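Here come two complexes built around subunit A, the first alongside subunit B, the second alongside subunit C.
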Partner chain A sequence: MHGRVKVRTTEEERERKKKEQALKMKAYRAAMTKIQKKRAGGELDDEMLGLTTQILLRNPDVSTLWNIRRECVLEKIRKITEEEEKQQENSVKPEDEPKKDEAEEEPKEVVDSPQKLPVEDQLQSILNHELQLTEQCLMVNPKSYNAWHHRCWSLEQNPLADWQRELQLCNKYLKYDERNFHTWDYRRYVTGKAQVPNKQELDFCTEKIKVNFSNYSSWHHRSLLLPQLYPNEQQDRPMSEEKLREELEMVLTAAFTDPNDSSAWFYQRWLLGQGFHGDKDAFTVVAFRLDPHGKAVIGLDKPFPAFNAKVQLVGKDSSVDISSWLPVNRDKSIWKSTETITIEAQESYELKLPNQQIKLSALPLNRGYFYFKPPNSLSSSCSQDLKAELETQLQSCLDLLDYEPDSKWTLLTSSLLMRAIDPSSHHAKSLEHLQKLQKVDPLRKGYYKDLAARWTLEYELNKWPQSEKFPLQFELDKQSEALTSLPYGQYLIIADELGLPEKLRNLAQTFNELKL
Partner chain B sequence: MDFTTFVKPSNGDSMATAEATDGNDAKKLQFWKHVEYIENHGKQEDDYEYCMTEFLRMSGIYWGVTALDIMGQLDRLERKYVLEFVKRCQCPVTGGFAPCEGHDAHLLYTLSAIQILCTYDALDEIDTDAVVRFVVGLQQPDGSFFGDKWGEVDTRFSFCAVATLTLLKRLEASIDVEKAVKFVMSCCNQTDGGFGSKPGAESHAGLIYCCVGFLSLTQRLHLLDVDKLGWWLCERQLPAGGLNGRPEKLPDVCYSWWVLSSLTIMGRLHWISSEKLQEFILSCQDLETGGFSDRTGNMPDIFHTLFGIGGLSLLGHGGLKPINPTLCMPQYIIDRLDIHPQKLERP
Partner chain C sequence: MSDELPEAFDLVVMGTGFTESCIAAAASRIGKTVLHLDKNEYYGGDSWGSFSLDALCSLLEKEVSESSALRNGSYTWHNVAAVDWDTDAPAVWTREAILAKSRRFNLDLCPRVLYAAGELVQLLIRSNICRYAEFRAVDHVCMNNNGEILSVPCSRSDVFNTKILTMVEKRLLMKFLMACNDYGEDKCNEDSLAFRGRSFVEYLQAQRVTEKIASCVMQSIAMCGPNSTFEEGMQRTQRFLSSLGRYGNTPFLFPMYGCGELPQCFCRLCAVFGGIYCLKRSVDAVSMDSQSQELLVSCEGKTLRAKHLVSGPGQVPINPVTPMRPNISRGLFISCSPLGNEEINKGGGGVNLLRLLADGGTREAIVIQLSHYSGACPEGLYIFHITTPAQSEDPIADLAPFTSQIFQNISQIVFSSHFTLYSPQSVEANALPLSIHCTSGPIYEIDYDAAISEAHRIFKELYPNEEFLPRAPDPEEIVIDGEDPSALNEHSLPEDLRAQLHDMELNSTENQ
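The block that comes next holds the complex of A and B.
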């Protein structure tokens, strides 16, 4: 029960309400008893439909009553089809005498159906009646799962369902409440049935957003259509660059109209996002080390509890399978081999996985081999045009921040824009914004702290390969004292030494600490 | 059938104790008033509401039983009567549970019934094979689940199915888990990492709880984009401390539970302010009658009472037993069943 304000009432009013409720309850109980009795007796007739209507109009959530109506509808359909078959039989053999008697009795059997209507019309009449009822119920409770489902069910029974009419109904309901997710779900169902072109739906969305920018439901609907209409071949962005630029422009206008409304900002963050991972159930090897004694450890870009890939270590003229792995950490992003691999000192090895082929590098002083790929290697891949658009947007945000230095969404978005343009040159500035966000948006302090740790580690890990100490030593500089968490620990497994602030030190393990 | 028939007559009047210990302080948990509210559920003025909500009675009992157990007051109910009621609701034909007698079996009430039976350690008193058959029979070729034979598909039902089978320890070798996972993941939105009720549906905190809970039970939390979804979830917290279910909506005690439990499962509870959320939940107590409402100043009900108490338990409020975020049941029962829903570590 939602949104019922507790109001003070007079004794008199309470009494009146109590009496009214007692009557309603009595009526409800009487109807339910009768319904159950009739159901037990298999009486799926018009009276039954009437009884259930009476209750459902007040309380459309009584799912059993919708079940009973469906039983009634199916029974009626069965009867009229049976009737039709019989009539066809009769018309084939009009001379058949005994059939006549049966024909005379027929009206009694079909007393429930509108008489003399063709079968098709009878069917439409039965199903339309259900549509009318669900519409009335949805007026009472536009979020009734049961009423929406019954509507879908009734339409599914009808080969001649009028999907255009249903589309109009969606338009009407979305005018009453543009955030009702039931209506949006129903709209997606109906547009599929009516084969409405995606382009037309996108136009509908644009109209809705123009009327009110603060419409997350509409932005969501849009996010489903765009990747289909304007696919991005490399799959590294949600849609083609050209369309992306247009969308970025549109969403920033929306966001600036009311910077405190979150809907558009969420959409914008999605547009700025880099990864568009097609397969969520795939992993990438990001770190690997093999010591001279044949012990190996592997780091995956994300937790992968079912890691059992066949890993093939390919040398110049030999190849070994490493097939038995054990997880090292709790989230299972680090795995160690359980067998000892026989290796020979040679210039290089390759690591072959079902979806990846990796060239290993030799460690100095014959200390084995390793592989390393930093997280989110953000070598900006966007075109000049897109980059120019991002720069313009960043400038707009920074201008707005001059006037409203504490604007949460502008602070966050500008740092996301900076990172989309070039994370390393904007690194310090984007962290500054996160610092500020902890103050202006204290509820989510913990989130901004973790985000700062991520960005810092991404920055440091991307810098690491250029360091003289790579790969045996990893160090975080003094500024990282403020970090409260240490993400990306699986990238550090190739190191022998970790120079980390005291409180973070036990959050990561060196190669030796993994105790292979 | 009346909830009060479950309440032991010997409990006496807890109101007197309530006044003495808690006073009318809105900032403190009105412990005994809530106990009394649940006991009184279905008495006097509430009768009309009670009668009109019989279509979800089994869940109502689960909410009441669980809230009382979290408060350490389960023995205020007559175990025998509760179990007799639950048993009467198992459909001899389908094996599923109806919300109450005279209504049809459905996955929603089947899970509630199994949760009650687990709380009372009474699974051996029903035909569990029949329950498994009911759940298995509702899985569709695409991995989704119908709620009952009438064909409604929703990720809520995917959660109900795996939660029921997990509690019965029959998740393995019953349904096609891989396909079930595939369907749930097809409902994941790339914009915000959240989930809706079906493929393409807008993300919604209640359904996110169902899907995150589903992945926790099937040990597949690695499929989540934790950073993206965690951010969207922590953005549900509003200045007053309460959480809403979708952007630009009002805060609500039940959404507070859906978001809070999801963040807890994902190891990201520290992304919101626990203090402010606790303040909000406590502000939704009804100081006169006990019970929690959806928002400050509204009418309390049994549903929000469980999620208020459950939320406070997850936040570590004193005097309450720990609750399991995935199954929304006291942790000691989950331990007794030797069940281990997956939970991610704080980074």
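The block that comes next holds the complex of A and C.
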């Protein structure tokens, strides 16, 4: 029967697809050969742009072709500006040398110019074409590094770039896929250029989290905006306490809705963290010891591979510069002086650094001078309001643990909350959670052990100054037998004797070297 | 074009209701010759169509016969107090102002919503009929919480954003829903096993959920009554959950321009595969040719031969006449404000679904709110469809316990109408010749599961070895007669690829 619907069989369909594939391949090879030939000949013309467009529309990740395009675009722009300059010279000439013959030619040029667009429009059209192309390519692959990069490049070339339009584009793309980190990255670039108020960005970000909170990109975006919008004066929290409370509530709601979603918990960890310590390149001296024999050791709060600060030891009427230091341990948080310093007993000393001024105390039995500041003693820094909020959150987490005793994120977060509220009174309970975590999340056993060691040492180091043995003896009690590492070693340089569990003895070798 | 029809068909279908259209499409799709008639001048048969406001009013005024599906019809216009409700819309919606927009309404006799992963959606996708339909994702699934209409959190992001639940309640609800989702033959855990044969309410109570969560689940998610069994409740919850996250924020879809579009989609497929359509044609008599065992269908003075006949209720005079009984009580209201607060009607209100309970949960009604986004009503007005199983021949009385729950404070209703949809009492199978099949008309359900299963059953009785609505090909998969089916037509390549090939050929000839 005529005109009856007949459907291709799968066999026929497959064969057809194969033929199509072969044809596409042939076309691709032909175009690539041609492009390479043209480039070798330096032909950076419109045809070249056309050829690269065809391939890039199918496969936006051929970076060579984008590079060639950029050459073409720059070449085109160069030609246009050159022409313009020439024209200007020509139009100036008749005035300089007014010849009567040429006066006839002048009107011709006037007729010519309306056909040709003004230079500015030509430039715009070239660059807009590039924008359109990247847009089409991003439809093919929204995560094409090359296409995003080319878009930025095209906009950078254009002093009249329309940043509002770019912002709209970001909105549109994030509606299609709210988790595309390329778009979020590009959005930050655009908002910077378009000078979008941070508040507006934050609202946008909140909307996206409402749609789907399982979104690292939007939490990260928040974490960049909030410290700027609501700065914390003491710098010991990421943002103002009031905002922090709101954020903590929001993130805990997300965590309660889906405790297995890690993105919210990660954001919460950031919220509960200690915020900025300012400059990445700055260090703080946390321990210092000056031997009666005139040898000095210094402990820094973090590894500092290039310690060469000018340290000045100031006495009552003398002052010595200690400028030559050698690293003692592998991560370079402990350094010793190479020189011997002459010191006088009964003198009171101060240590002067570019960003710190420290008063030294005398060690008993005339054993020299020292300075010590225990790590992370921040419990006192939070206000009553924030503390109340943290207590509420902790209670919610403990409630949640009633329903899901094995939820790893809840276990971890509740211990973090306890430590944010008061590390010492919750010390035992938070270590208990870490014990449990090693069981329910064995893949990260080492991480939890390491965390346990850090928390234990922080606890012990904070207790140490109250001990009778301070500062010459440091002892870890039997409960610390489970420790597998000894973090915060730089704090121990002031001691003569370390009482460590068997397992840790060999770890303390560096300290033996310090026996001065 | 001549009005003459061919004289013999594999199948004559009477009535363009949902079930009949489904069967007609399925038969045509497998190559049967189909004639599809309807005595009305519109698609949808007696119960499944959508109407303009004028047309609905005349339908409600129409005299009722023995075979009418729509009965007990009545409508009233209300005077709306001149409240400056919204500055954009006319200050007062008068009867005249609304009737002037009559054709902007698509008022369903039998409105439904579709589960996004339900039978109908699956069928539409499987058969490729979805290309003829458009949908609006339902915006909110609501519940009546002590007189206040609240949006029930459906998705994970709803649970995260909702203000009606505390943090711990959020966890409980999510945990409960996950447990329901995981419930199944192979991974059932022991505590749910214990509830087999008991009621769903008992199970719910045993999960330590709060009262608010229990009513969310009972009213809107599981859509259960106090007597629903554990298995039934689990199955319904799973049906709800499996439809989540597919299209919108809720598990439901509503057909754009009204449910009357759906039968037409099937008719269209039927026509694409050669089915012939005539509306406003009624069948006067059907008899059996004892020799050929074919049916003789006399239709407006002409006799057609058919191997099989499928008829919707009231379309064909069949003896003995099956008595009709009240089946569904319907209320249809037009209002100038949406139901519930601003929170569930953002941007002027969308399509919302609300299930109401009465008589201690033993009776239920479904309310569908439609705004202009549904394409079924003009901007600034809202349609409320209320549907409940008929208890009596009085739709107003049947619906009173439900309307009183939602309309007590609304003085914004401008038009109210009520009617009952009747269906034939079940036909005794042996009363009819084997080659005649009758469909039963709509029953009370949310989605179209029962209607599809009836269409499927009748199709299988007609053509036991054939597939029910296999996938229809896309245009590019269709080969015209005489063409080499595996050939790749150069014109089917994208333009730029063709250009590249062309260039290449030129180059190669140059090189030679």
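Rule of thumb we're sticking to: the second predicted complex is superposed on the first by the 419 of 516 C-alpha atoms of A that agree within 3 Å, B and C clash if a C-alpha of one lies under 4 Å from a C-alpha of the other, contacts with A are read in each partner's own complex, and residues count from 1 in each chain.
By our rule, contacts are C-beta pairs under 8 Å (C-beta built on N, C-alpha and C of every residue); 3 or more make two chains touch, one makes a residue touch a chain.
This is a predicted model, so every value here is computed, not measured.
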{"item": "Contacts of A:12 with subunit B and subunit C, given as first, second, both or neither", "value": "second"}
{"item": "Touched partner set for A:321, first subunit B, second subunit C, both or neither", "value": "neither"}
{"item": "Superposed model, subunit A: greater residue contact from subunit B or subunit C", "value": "B"}
{"item": "Partner chain(s) touched by A:236 [first = subunit B, second = subunit C, both, neither]", "value": "neither"}
{"item": "Partner chain(s) touched by A:403 [first = subunit B, second = subunit C, both, neither]", "value": "second"}
{"item": "Partner chain in contact with A:121 - subunit B first, subunit C second, else both or neither", "value": "neither"}
{"item": "Touching partner for A:30 - first (subunit B), second (subunit C), both, neither", "value": "second"}
{"item": "Which of subunit B and subunit C A:447 touches, first, second, both or neither", "value": "first"}
{"item": "Which superposed partner A:210 touches (first subunit B, second subunit C, both, neither)", "value": "second"}
{"item": "Intersection of subunit A interface sets (partners subunit B, subunit C)", "value": "2-6, 24, 28, 214"}
{"item": "Contacting residues of subunit C [partner subunit A, same complex]", "value": "156-157, 159-161, 167-168, 170-172, 174-175, 272-273, 473, 477-481, 485-488, 493, 496-497, 499-501, 503-504, 507"}
{"item": "Touch list for subunit A against partner subunit B, complex", "value": "1-6, 14, 18, 21-22, 24-25, 28-29, 32, 36, 59, 61-64, 66-67, 70, 145, 149, 153, 179, 181, 184-185, 188, 214, 216-217, 219-221, 223-224, 227, 238, 261-263, 266-267, 270, 273, 276-277, 280-281, 302-305, 330-332, 442-447, 450, 453-454, 485-487"}
{"item": "For the subunit A and subunit C complex, residues of the former touching the latter", "value": "2-9, 11-13, 15-16, 19-20, 23-24, 26-28, 30-31, 34, 54, 57, 210-214, 252-254, 256-259, 396, 399-400, 403-404"}
{"item": "In the complex, subunit B residues that touch subunit A", "value": "45, 47-49, 51-52, 55-56, 98, 102-104, 106, 148, 150-152, 154, 185, 188-192, 196-198, 200-204, 219-223, 225, 227-228, 230-232, 234-235, 237, 239, 241, 246-249, 252, 268, 270-273, 276, 286, 293-295, 297-299, 301, 303-304, 344-347"}
